[in-house]
Amino acid sequence: MYFASDNSGPVAPQVLTALAEANTGYAMGYGGDPLSAEVADGIRTLFEAPDAAVFLVPTGTAANVLALSCLCPPYATTFCSPVAHIHEDECNAPEFFTSGAKLTLVPGSDRMTPEALRASIEGEENRGFHGPKRGPVSITQVTEAGNVYTMDELRALIAVAKDYSLPVHLDGARFSNAAVKLGVTPAEMSWKIGVDVCVFGGTKNGLMGVEAVIFFDPAKAEEFQYRRKRGALLFSKHRYLAAQMQAYLKDDLWKDLATRANARCDQLVHGLSKARVEMLNDTHANMVFFRLPRATHEALQAAGAVYHFNDMTGSTAETVLTGRLVCDWNLSEAEVARFLEALNQVI
Amino acid sequence: MYFASDNSGPVAPQVLTALAEANTGYAMGYGGDPLSAEVADGIRTLFEAPDAAVFLVPTGTAANVLALSCLCPPYATTFCSPVAHIHEDECNAPEFFTSGAKLTLVPGSDRMTPEALRASIEGEENRGFHGPKRGPVSITQVTEAGNVYTMDELRALIAVAKDYSLPVHLDGARFSNAAVKLGVTPAEMSWKIGVDVCVFGGTKNGLMGVEAVIFFDPAKAEEFQYRRKRGALLFSKHRYLAAQMQAYLKDDLWKDLATRANARCDQLVHGLSKARVEMLNDTHANMVFFRLPRATHEALQAAGAVYHFNDMTGSTAETVLTGRLVCDWNLSEAEVARFLEALNQVI
Amino acid sequence: MYFASDNSGPVAPQVLTALAEANTGYAMGYGGDPLSAEVADGIRTLFEAPDAAVFLVPTGTAANVLALSCLCPPYATTFCSPVAHIHEDECNAPEFFTSGAKLTLVPGSDRMTPEALRASIEGEENRGFHGPKRGPVSITQVTEAGNVYTMDELRALIAVAKDYSLPVHLDGARFSNAAVKLGVTPAEMSWKIGVDVCVFGGTKNGLMGVEAVIFFDPAKAEEFQYRRKRGALLFSKHRYLAAQMQAYLKDDLWKDLATRANARCDQLVHGLSKARVEMLNDTHANMVFFRLPRATHEALQAAGAVYHFNDMTGSTAETVLTGRLVCDWNLSEAEVARFLEALNQVI
Amino acid sequence: MYFASDNSGPVAPQVLTALAEANTGYAMGYGGDPLSAEVADGIRTLFEAPDAAVFLVPTGTAANVLALSCLCPPYATTFCSPVAHIHEDECNAPEFFTSGAKLTLVPGSDRMTPEALRASIEGEENRGFHGPKRGPVSITQVTEAGNVYTMDELRALIAVAKDYSLPVHLDGARFSNAAVKLGVTPAEMSWKIGVDVCVFGGTKNGLMGVEAVIFFDPAKAEEFQYRRKRGALLFSKHRYLAAQMQAYLKDDLWKDLATRANARCDQLVHGLSKARVEMLNDTHANMVFFRLPRATHEALQAAGAVYHFNDMTGSTAETVLTGRLVCDWNLSEAEVARFLEALNQVI
């Protein structure tokens, strides 16, 4: 009954198989091997973007901050949600990699609205050189609070960015979960709606440790490569990053893994709803936030459920606290059923 | 009728005199001259802090960010008001000089409250190494919105910082105006209430371009000196910075200049009050924010008054807009009277 | 006949086995899992340093620059060889992670001498705050030119660093190869001779992508953890980094792999010597640099040998060029013999 | 007999006059005042560059590093002399302001030669993304060792930079001294020979604290302004920087001051030559380096001469040491004669 994170579970068996298959003979390092080239092509094909520049990096934070470093000058600011991972969970990595660019937090609880984004953008650059220049807009899909922007919502947000000629970064740590949830293709949820740089996450969706950063306009390709190496993020035995992605692309494994995780979350949401438990998100892909009295959370944990609670409040004083349930590809229907049963007992 | 800024007026004549007097013979550069040493002693004496380390820098932003760079590691965050100069008007200089530390904006409209500060501090460091470490607390006195913290308010804020062993930085661009307003000594408004690093501003109070950064515990002295030079902020002909400060200290010129500016603001506030004009600040030293319909502002400007309006809103759509009136040492009673007369005419 | 790099070969089979074994069930991410704790203990045991702080990172550059970032203030300089990996092959990563510290290149062709190091150190900090503060000394063992410092040479170098109270960083990308070559224990080649922070490399010695950074004095542990996360270098599915190290420690695999690579290099050196080929290094562990006419290199390559030539000169004009042969754990006696045979044919 | 630095003397009286004249009434800060605009035009006129972007900053280091920050990406390197001020005397400021770009020191004792520069440039970018990208070439004129590149030497160096499409930065802390020495116009010694960004120094040539940074192609103007503010280097009471430059331009004061300083140096060189004292520079503008036994230097200092010795060696062990004599505008013939007399006595 492990729901604490989609970083906690095992990797899909196809990944280990691919790693073993890649583990023969010699190949140039640093991305110069045939498998890496093949995988980059495969990602371009998946995203229907034959000219895109594709890079693999070992962590999600790396993917985000290297992308932003190419989009956001040091004297500019990136617009994002106040609960964005880049703001809350990267320990100043964005500020570091952009050499001191700011993050302008667009007021709201999770998903940005076009109105709030527009107001935030308008609020910058009205002090001449005294304040930062307007920089990229960063959107997380699936959001950190487990919500999924609809395609219309994404288009509306991106339209605001385009009004100001600002580039758009998509933090796709859970890209696959969103694409599956919405029933859209990767191209439809990225460049076709105006995303300039997309992070296609792997680690949270069954891979060992790899994310793809995709620049649909390859003009920044050289800069990215220098910054990646300078950021100590260029994997020397690169074929092992590529092998994970190769497994991910083969037979649409990325879609299968996300479908499984999403289904488990649907099952959870259904059960929570039946039990009349308050849930915070109004949409979901593979994560749901729910509210229970402290004692109930503690009882659930005592029954063996592992998940974080308090995540959204930061306070331990309250009686009713928010818990977060994250479903990964490996979670079974039986485990979810066991959780729901325990839940019904402790309520 | 110039009220746009306290950076706009002439410098006090005593400053030019001091510059001329310092302009004889040869002296070591970079702060190694006798006048610089004498002035550092003078500031220590004024602040009753015989062990303090004192440094002169040419801009207010420099003073703030060099101070913060010694107090805030790159992986930490500084707590400040959402309208703090370090956040709104330094074009990412704090992020630059601290190598990417964040600024945590303590919710509120201007002055931080102990409760809000405590909540913000509590909100950090609850995610292990995923979020920044708690760093210094930065307080501006006089605030950017023209308010003056009372001594009790300062003590209460600083007590919160001390609860968490966080160092306290005072942005004293208008330090003198505040000290005069409150009728306290520099020591009373700095180290005696727990301020660790104080910026004693000169530029806004009649000097040409110099601020003193005072570290009451001299342990950081060496680090500051390296960072100042590295920041391209070590003035080579340093005696000319020192000469300005020498004039400032002599016969308490710093106090006289601030007293004059404050008095002009009292006169303004009295007049605005009589005219039943809405004012935003509940206290004032040398700045007041007032609200009038757009047309009235425009009429006032047409009558020759120079000041910024919209400062606090960022929006040009409103009919009623906020204007900012700043009084410097050079402003005369007659000029203020002329303004109030014009005001009464256009209302 | 692949000698281009020790980043090019397959990983040891024990590594894949360990990854598969680690791939069961759920575990906290970011290093909070039991395997990671067990492996840290194992490294402490191997290094006979029960109080050391041990961290795993995914790349060699990451290990070096995160170590340096904790040892070298932004206004200081790190002393290293002109051919040090941190200077030549990390694309400004040291300057980035230290927020702009310099690298002072100690004159010499590869191994630093105590005299040259002392002169370089003396050459800094004689300009007051105008030049950088003296920072750490960084030693690579095995050096980038394939040489192995003797224990006496290391002690003499470190003694110089200690004379100036400067911390010592050991770039141990090929640590195991050196330790095996010298017949010393990890403790003997690190903290026992005064190394403060040691990088215990895995990637070049048969692992997939992991290095251990060992701080013998754990005082910097908290800072390192913040900087690692901020550097986007904290692996979320950390147990897979740990599993590689677990395999490395088990049955002294680290020693076996290095022994094999070193033996292949001995075989190469013996053969080159018999063929009267000029070699540049006077010592060797698993790398040898040799000089041949361009045409001979080309013939060798045409015969199927893969290695870099020109490495040490940067010029393509010369007739006699330097080639670099690197032996990894996977190289067989037969392959080396085949190379030597081809060599003797083309000479 | 003060020869220690051209930062040590008084400022030219015309400067104080200009400051006093500027000290009337109110003017927008931060460079938005009429005098600042007039002076920028004046510099454009002086340099015959009607489209140039001109900026004033308070220190020479600021001028250099802000210029480099616009020319050199963080993952690149700037080529300069090993004794360049940007390397030896700016305490890592270039590395800081460029966010970690390197400095590639072109081998040589002072003036770079085209051959050495070409070799250094060729030495970079031959390791793909493992080493930094080639960045700007930085030339100091007058050099730190007191030499003056001839126009042909400058052209030859710049031609090498242009071969590689690298921008050229001229550190002109002593620009005027060089232009006067060579009998060329500012335009002839800058954009007409291919300099992209020129620092027109004022502080060392009789001003109080101001340098002009001139971008002949104004494309970088916006970026510079953001970086200057972010660097805490935007002077708020900007008209006082402008006033100094206004005095500098008026009646070619810049030329007069430099002519005087150069003449005093000619007088010194003549005297040193007659006394058969070894001099290090083969050319000179306003600085000469000379060699005497330690005891002789000490005797000269005891006789009242103030200057640095050992500058070029860093060692105190030698019997024969190098001293540096710097002439500023204020030095009189009589003072120089007195020095030469004392010299002849102690020899």
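As written, the chains take the letters A, B, C and D, and residue 1 is the first residue of each chain.
FYI, a contact is a pair of C-beta atoms (placed from the backbone, for glycine too) under 8 Å apart; a residue touches a chain by one contact, two chains touch by 3 or more.
All values reported here derive from a predicted model rather than from experimental measurement.
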{"item": "Other chains in touch with both chain A and chain D", "value": "B, C"}
{"item": "Copy pair chain A, chain B: interface residue numbering same or different (half cut)", "value": "same"}
{"item": "Contact-richer chain pair [A-C vs B-C]", "value": "A-C"}
{"item": "Centroid distance [mean C-alpha coordinates] between chain B and chain A, Å", "value": "41"}
{"item": "Computed distance of Cα centres, chain C from chain A, in Å", "value": "34"}
{"item": "Intercentroid distance (Cα basis), chain C paired with chain B, Å", "value": "50"}
{"item": "Per-residue overlap in chain C, given as positions that touch at least 2 other chains", "value": "30, 74-76, 90-92, 96, 99-100, 129-130, 132, 226, 229-230, 234"}
{"item": "Graph class of chain-chain contacts, one of line, ring, star, complete, other", "value": "complete"}
{"item": "Chain B-touching residues of chain A, taken from the complex the two chains share", "value": "74-77, 88-92, 95-96, 99-102, 122-123, 126-127, 129-132, 314-315"}
{"item": "Complex contacts: residues of chain C adjacent to chain B", "value": "30, 73-76, 99-100, 128-130, 132-133, 223, 225-230, 234"}
{"item": "Complex contacts: residues of chain B adjacent to chain D", "value": "2, 4-5, 7-11, 16, 19-20, 23-30, 57-62, 64-66, 90-93, 96-97, 203, 208-209, 226, 229-237, 240, 306"}
